[in-house]
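Common to both upcoming complexes is chain A, partnered first by chain B, then by chain C.
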Partner chain A sequence: MKIAYYPGCTMKTKAANLELAAVEALNVLGVEFTELERWNCCGAVFSLAEDDLIHHVAPVRNLIRAQQEGCETVVTICSQCYNTLARANLLVRGDEEKLDTINRFMDEEPDYDGGIEVVHYLTLLRDQVGWDALKEKVVQPLDGLKVAPFYGCTLLRPDEVSIDPLNEGILEDFLCALGAEVVPFSAATECCGSYQMLAHPEEGMQRAAKVIGSANRAGAEALVLSCPLCEYNLGSRQPEVVAMGEDLEEVPTLYFTQLLGIALGLESDLCRLDLAGRAARDLLTEKNFVAAATV
Partner chain B sequence: MASATVTEVESKTVPIYVMGKKYDVPDTLTIMKAMEYAGYQYIRGCGCRGGICGACATVYRKAGDYKIYTGLACQTVVEPEMYLAQLPFYPANRAEYDFEKLDATPESIFKLYPELFRCVACNACSKVCPMDVEVLDYVSALKRGDIEAAAEISFDCIQCGLCTSRCMGEMAQYHIAQLARRLYGGKLAPKAEHLQKMCDDIEGGAFDDDLTRLKATGEDELKKTYTEREMEPAMSDESWKPESSAGLV
Partner chain C sequence: MEGEPISTPKPVHVPKTIDPVRKRALEKISELSGENVWECMQCGTCSAVCPMVESMGFTTRQGIHYLQFGMVEKVIDARIGEYCASCHSCQVRCPRGIEVPKVFEAVRLLTLRQNEDFIKLNELADETIVGAPQIAMVSAFRKLTA
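Let's look at the complex of A and B:
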């Protein structure tokens, strides 16, 4: 099974702290993959309009690129890219006529044959490495770190692309393998506020406040994220969210891949803790997971 | 002087359509020559006639074929049943900026050209490019902040504007690419140290005496100096050195 890694635009601009440790971790864990040579924006969101095929051209073109490189699997780290690519893939696999229309439109490309599997990074870790093997590779267990695992929307909805359709707790299992203590967290699958944070700030803030409040009540020391948009709403905008809500306290945010990097003992410049908030860096040094000098 | 030999070139005529009107033109001509043969006079939109200035962008179709074809009128040879339209200009807004004050960051480009994010990856831009630039690839590179890749991929762009004429997102790709090349060349690429040294030498007066002497030289003497100058032989290797190093540093 040849694996293509599809990065996505945000990974290469704002979210190096989500990408770099994750990519190096695959090397450490012995998972062979190649980063796609040519790729375009995934489309950012999956178009729900019934007859809007043009907005599925971008994701399908990326699947063709993977097909051209002889890959069978495309792995993404960004949850938005995962959602868009996986749903477009399902759409054209399940509708021969739509696939044919898109292939004819892209007459400069080889036809997409529907043969690519789109998987999220966590799924790849579980199925290619396994939690036990991951645990064995951990050199800095995250002992005593109370984490609230936040899935958000795009990793779980809709059901047909969910990375955890049976609610088994894939992100929880991952964090346990790293040695962290997962706290019961009722807002794990809520919406972070999404693009509403900009379009309708008040409603967006309310969504984010619900998540922060739930993490506070769970006694979480850190909120673990998997999506750059969630990081914007729950991380970058958190001071405003906390100021708005009653009885809210700030909670450090970290990407699940940064924790993976720390647990595997990767170089600190790959974990990009410089892009995490001050509170997150203080937490990690306080717990002696990273040396103060490196952050 | 030897008299020029005129070689007879066999040519037959082929029918082409200029703005819908049929003309029979010799099949050896470029589109531009064919239009002149048909009686059109280029006042603008002909440019360099050498395939590099981008002024003579042409759109055409062939009978019975749904595809849109493009070419530079000065480079593309006519084919039978071409339906031609010249597109010397296509409106495209170029953002105003003070290059000196611009940071070489993706955000600078995003702010000046937010329409970049209207791209739906339809690839009509690349398909229509007469220079075979992968326009979608450089647009994609810019969306992920890779200014260097965008500068490299767009290097052959001659700014004809055909990409812009076909863009679903209504952006002016080639202006955005030009900004990327400027930022890369001016602020990101490693500086050429030998160039800076030469500039410093010039400013320091290394050539002032030679220039003063040349300015004071009469026309005949100047012509003689020019025609008798020592030239590097065409097949010389890297070790070749001129006999006199006058005027060099």
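Let's look at the complex of A and C:
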């Protein structure tokens, strides 16, 4: 199975702290992959209207790029890219007429044949590496770190693209393999406010407050994220969110891939802890997972 | 992990006594969404799980009820489509299998296709433009601008 890695726009700019450790971790774990030579924005959200085919062109074009490179699988790290690519793939696989229209619209490209599988990074780790093998590669177990795993929306919904359709706890299993202590919390699969943080900031921050409050009450030391939009709402905007709630306390946010990088002992510049908040860096040094000098 | 391909649109039920203008509005929602709002049995589960329902003029359940009679303008005025975050919490819990976000995307598009935007780039704060990740900007403008 030849695997293509689709990065997406945010990974190459504002979410280097989500990407770099994840890519190096695949090398350490012995998973062969190639980054797509050419790719474009996936569109960020899946268009839901029956007559809106134009917005499926961007994700399908990326699948054509993977097909051109002889790959069978596309892996993504960003949750929204995963959701958009996987749903567009299912749409055209299930509707010959729409696939034909999109193919004819992109007449400068080879036709997409629907043969690509879109998987999320966590699914790839579970199925290609396995949690036991991952655990064996851990050199810095995250012992005593109480983490709240936050899935958000796009990894789980709708059902046909869920990375955890039977609610088995794929993110929890991943964090346990790294040695962390998973703290269940009720808002793990709720909406963080999404793009409404831009259109309606007050309402967006109220959503984020509910997630942070839930993590507080569960006793989480850190909130683990998989999506740059969740990170913006729950991490970058957290000081504003915490200021609006009476009982809220700041909780450090980290990407799941940063914790993977630390546990595998990757170079600190790959984990990009400099892009995490001060509270997250202090937590990791306090726990002796990273040296203070490296952050 | 990917599942089964998406099913084809469901046939729409239009009550025989409905006003012709509202009948056309209901048919338009059905055409855009591929969903039959008359499948809804008004259980209110969608409203119970909606993260933005407190900001809407009335609940998503009420929104679907108005749409069943083609009263689209009521739902537009309640800003349900504008506030929907497309989180799909309602869809995965709907006991009737209605893809509710598609219905409210259809409502949203009725406004957007009149060339009216719900968000304007020139009104965003500078720190938002600088700080927000690309997927925040792209998704907001994809969902909320014409």
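The criterion applied here is as follows: the second predicted complex is superposed on the first by the 295 of 295 C-alpha atoms of A that agree within 3 Å, B and C clash if a C-alpha of one lies under 4 Å from a C-alpha of the other, contacts with A are read in each partner's own complex, and residues count from 1 in each chain.
The definition used in the following text is that a contact is a pair of C-beta atoms (placed from the backbone, for glycine too) under 8 Å apart; a residue touches a chain by one contact, two chains touch by 3 or more.
The model shown is predicted, which means the values in this text are computed figures rather than measured ones.
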| item | value |
| --- | --- |
| Contacts of A:190 with chain B and chain C, given as first, second, both or neither | second |
| Residues of chain A touched, compared between chain B and chain C (which is higher) | C |
| Touching partner for A:55 - first (chain B), second (chain C), both, neither | both |
| Chain B versus chain C as contact partner of A:9, first or second or both or neither | both |
| Contacts of A:277 with chain B and chain C, given as first, second, both or neither | neither |
| Touched partner set for A:149, first chain B, second chain C, both or neither | neither |
| Partner chain in contact with A:43 - chain B first, chain C second, else both or neither | both |
| Touching partner for A:108 - first (chain B), second (chain C), both, neither | first |
| Footprint overlap on chain A, comparing chain B with chain C | 8-9, 13, 41, 43, 55 |
| Chain C contact footprint on chain A (complex, rising order) | 8-10, 13-15, 41, 43-45, 47-52, 55, 78, 80-81, 86, 89-91, 93-95, 117-119, 123, 153, 156-163, 165, 190-191, 193-201, 203, 206-207, 210, 227-229, 231-232, 236 |
| Chain A-facing residues of chain C, complex | 1-9, 31-34, 51-52, 54-55, 82-83, 85-89, 91-92, 99, 101-102, 105-106, 109, 118-119, 124, 128, 131-140, 142-144 |
| Chain A partner contacts - residues on chain B that touch it in the complex | 106, 119-123, 126-127, 136-137, 139-140, 143-146, 168 |
| Chain A residues within the chain B interface of the complex | 7-9, 11-13, 38-41, 43, 54-55, 57-58, 61, 105-106, 108 |
